[in-house]
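Beneath this line is the structure, given in structure tokens, with notes to follow.
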Amino acid sequence: MIKVGFIGLGQMGRPMARNLVQGGHTVQVHDTDTAAMAALADHGAIVCASVADCAAGVDVLITMLPNGDVVKAVLFDEGGAADALPDGAWIVDMSTVHPLASDGIAKEATARGFTFVDAPVGRTSDHAEKGQLLVLAGTDEAGVAHLAPLFDCMGSETVVTGAAGLGIRVKIINNYMSIALNALSAEAAALCEAIDLPLDTAMKVMSGTPAGNGHFTTTWPGKVLKGDLSPAFMIDLAHKDIGIALDLANQMHLPMPMGSAAREQFSAARAAGRGRQDWSAILEQVRASGGLPHH
Amino acid sequence: MIKVGFIGLGQMGRPMARNLVQGGHTVQVHDTDTAAMAALADHGAIVCASVADCAAGVDVLITMLPNGDVVKAVLFDEGGAADALPDGAWIVDMSTVHPLASDGIAKEATARGFTFVDAPVGRTSDHAEKGQLLVLAGTDEAGVAHLAPLFDCMGSETVVTGAAGLGIRVKIINNYMSIALNALSAEAAALCEAIDLPLDTAMKVMSGTPAGNGHFTTTWPGKVLKGDLSPAFMIDLAHKDIGIALDLANQMHLPMPMGSAAREQFSAARAAGRGRQDWSAILEQVRASGGLPHH
Amino acid sequence: MIKVGFIGLGQMGRPMARNLVQGGHTVQVHDTDTAAMAALADHGAIVCASVADCAAGVDVLITMLPNGDVVKAVLFDEGGAADALPDGAWIVDMSTVHPLASDGIAKEATARGFTFVDAPVGRTSDHAEKGQLLVLAGTDEAGVAHLAPLFDCMGSETVVTGAAGLGIRVKIINNYMSIALNALSAEAAALCEAIDLPLDTAMKVMSGTPAGNGHFTTTWPGKVLKGDLSPAFMIDLAHKDIGIALDLANQMHLPMPMGSAAREQFSAARAAGRGRQDWSAILEQVRASGGLPHH
Amino acid sequence: MIKVGFIGLGQMGRPMARNLVQGGHTVQVHDTDTAAMAALADHGAIVCASVADCAAGVDVLITMLPNGDVVKAVLFDEGGAADALPDGAWIVDMSTVHPLASDGIAKEATARGFTFVDAPVGRTSDHAEKGQLLVLAGTDEAGVAHLAPLFDCMGSETVVTGAAGLGIRVKIINNYMSIALNALSAEAAALCEAIDLPLDTAMKVMSGTPAGNGHFTTTWPGKVLKGDLSPAFMIDLAHKDIGIALDLANQMHLPMPMGSAAREQFSAARAAGRGRQDWSAILEQVRASGGLPHH
């Protein structure tokens, strides 16, 4: 049983704190929303009037807040949580904040003698309710072992990223990919509708191709990820095919801004002499555009 | 055993025609590349000096050509294949052409008394060699049954799309999604590298989320596809998170044109009053931008 | 006085042909729209039942048609205009067609012994009515001198581009820039409105800066166009400032897809080591992305 | 003669402060770069060891700093400039900062009894040297009259925007438009080169069209800005023409991300039923995409 402070009782924080209480931990909570605190009190949490009170005497202080500025203010403003937190306590920020902001907070927490772990969560508020979140822990095996009694109340799976800062980094990358992919999928689905192709049929086909399974696990491992750019499917042909789709979309008056942006990436790849390389070489093209070192 | 004409012996056409010969069919071939024809002759194909010769007397004429203009010319130019093709024969275009071009060719073929099927293929030239292509058949069960002896030589799986024109449509949509997703994945992978996050760690996490599994089978079925836009994950939050990733990328000097385009879609969704809807509502946003009818 | 055939009596072609008649030339006209022909007949044009009739006996045949496929068909289909056109006649295509299509038409016209000139027009249908179009002549001084009696009826200004194909090229480039700039201007104007800045105030300021006057005549001549990339305004600062505008737009829920795309170009420039170069060096960046040779 | 404090002696601040000294004002300067301060001392400025010293006893305190966070810290941190500044003094922030940050600073300055004016500058460091900057004053005529003795030393033109916050807003909009237009111009110029069209010829033509003169002063005033969307040049045709340019660029392997984004805007306009409206109606389209009220 761990003595925990929990600051931030929003849509995610509420069920997370409740699951800690129900897991048998002593949980002190704080939020600016008194109704949210009252609801937690009904479950057995100790309501605190200030962030300092909430941090007083705990082993682990968890923050679940809207952004890095708020986390920083809660922890380090005068009279803030850090001033009341016992020496050697752990601060676990489970918020989704800017990684560079998180790095700054980690640095200050460490300088003050605390152990800081970024541990944002994946999945949805439904999963939070059921204690089935995915915890992305920015620490090593030992750190996760220390925090497991808490993480296991809130989530059903913990990813050990191995080092400070990697939890929030992998969260941001994962969300980037999920969110942008959502919009791209919407373009593809809307184009199906515009050309009278049942979405079911399209989804059935895509479920067996990189369109539905992504490239990380299908086309890349055997090609670009092992440095083989000989073509299974050429950049030139990919450029041709996406051009047909965009032309079709344009005739249907359907805007496809992401597909348009994608085509220009393949155009740039062709300009860079990659036309007859495998389409997975688009990774090398994007890397080069960002000045990343030649593999 | 079917008597087949096969026009177009490129990287894909060569192994496809060879697999037909090896499957026991009588195959007449033609290409402008005489070396390609000679290679097929070694396998037992009958070499034809013209497209008309290649079409003469066959039950099914297969075309595997670079684009719709070439297919159209091969079939319908004076002295072309259609002039020599027996009444009632089937024309099966396995090329990847513009769907509207395919529709035009289908119309003319039908007007001349032939049965036209668009049946482009998925997967790579390796799969073509091994007879393991995916055939996307723009016809119904009866049509596929008629052509199965041929399709089964060239491919290991046939999708029955149900109607003329849907084969090529699903091919184009699938490739659109695959190709654009490839570029988007490259952005995410390059960002990992730019922020010192091992790609392995990121891929491990993404393998369990919509980032790696797509939205068609994860977030959409329980939400937008059944008309439920109540938020599991809000558009507003998706917009915030993708903004963090883009800011990070900008600080790292990494261009992310697709992610940028995606963010503007979420911005448009917020402007349309969808900020507190589920992120799968981006489908409704994209549909609306293309003037598709309100669900 | 020149004997002219004129094919294509749409919104632009009608007033152009009428101005030729009113300029004293003998004008034979053809269009598939008989009402359009009748209207021209009222002005004194000779109505022709076919494109061949329209080409018969003329010195110069002018085409003003929707796209290159139509121009090609009108000229070169069996029984088309070229079959009836006198040897050595001039064909002047004033349509806006794809430059590569225009090149193909020019080639065939020349092979048949005609002189082909691409001469698309600028400005609007109002200008066509008043004979005040801008003629972009894809020929040299001698060619323009030969056609001046016609051009001067239809337009008030003729640009001598100097060589075949350059008329249509400059038209397409000019329209590219005009059309894309229109959308970009709309983003800027909408952002003014979103942040309560009167458009008048913004337009007044922009009228004295590159925002209103473009870069061709302001920032480029003294810098990138003479190879000087020392910074008057650094790429890094441009990237910062456009980032502020985009952040503002995002907070206002205003999609800015073009500005977003622009920022990524500046990001790519920074990745390529151009951060401390003059902002006009973005030209070198874009050139490099297209594989154009290093200056 | 005014007693001035000047904080921020970077590439722009140095010559601006020097011009104030040379204009006869008493100028106290501060920067973290002591060499920069020493250089100003040679011109007759009074070097101050802290921002508080620099603010002590002055009538007007000018800040010229990298971003809003720095301006805020310089002014309002404990022991900052505001603590030393005489009651009723004016604070003039000439930095380019985020408008919302500027609004926050203005609010705090006003609450403390100071008069705050945002007055960022336009043009380049060369203009700063010569005292020929453009001052964008976020105040009314009376405010500008009060500050004119200073502005006239640093700049050759002052725009009276009329109200607090409009100076920085117009600066950001102007830079947005200038910077994005720069990248768009680069696309057009690179396309000229890719298709062998001399840039001189293109620039000559564009100098007489909206491509070179912008839409604010050419196509908009007679159309969209007065509510007339009847077509001088239709959205449908604009969409067609930009499509030709993009197709050409794609064939040349030249990425055109901004033009691609522009085309999708016109596609969206067509989907919204604007195909036969004037191309200036793209303003209404962009406004609608951002949820701005129907005109």
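The letters A, B, C and D name the chains in turn, as written, and every chain counts its residues from 1.
Throughout what follows, a residue touches a chain if its C-beta (ideal position, glycine included) is under 8 Å from a C-beta of that chain, and two chains touch if they have at least 3 such contacts.
Please read these numbers as outputs of a predicted model, since none were measured by experiment.
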{"item": "Label of the chain whose CA centroid is most distant from the centroid of chain C", "value": "A"}
{"item": "Selected pair, greater C-beta contact count between A-C and A-D", "value": "A-D"}
{"item": "Distance between the centres, which are taken as Cα means, of chain B and chain A, whole angstrom", "value": "31"}
{"item": "Length of the line joining the C-alpha centres of chain A and chain D, rounded to whole Å", "value": "35"}
{"item": "Chain A-chain C separation of Cα centroids, rounded to whole Å", "value": "47"}
{"item": "Residues of chain A whose C-beta touches two or more other chains", "value": "249, 253-255, 257, 260-261, 264-265, 267-268, 271, 289-291"}
{"item": "Chain B - residues contacting chain D, complex", "value": "257, 261, 267-268, 271-273, 289-291"}
{"item": "Residues of chain C defined as touching chain B within the complex", "value": "239, 243, 249-250, 253-257, 260-261, 263-265, 267-268, 270-271, 275"}
{"item": "For the chain A and chain B complex, residues of the former touching the latter", "value": "67, 96-100, 122-126, 134, 136, 157, 159, 161-162, 166, 169-170, 172-199, 201-217, 219-220, 232-233, 238, 241-242, 244-249, 251-255, 257-262, 264-266, 279-280, 282-283, 285-287, 289-292"}
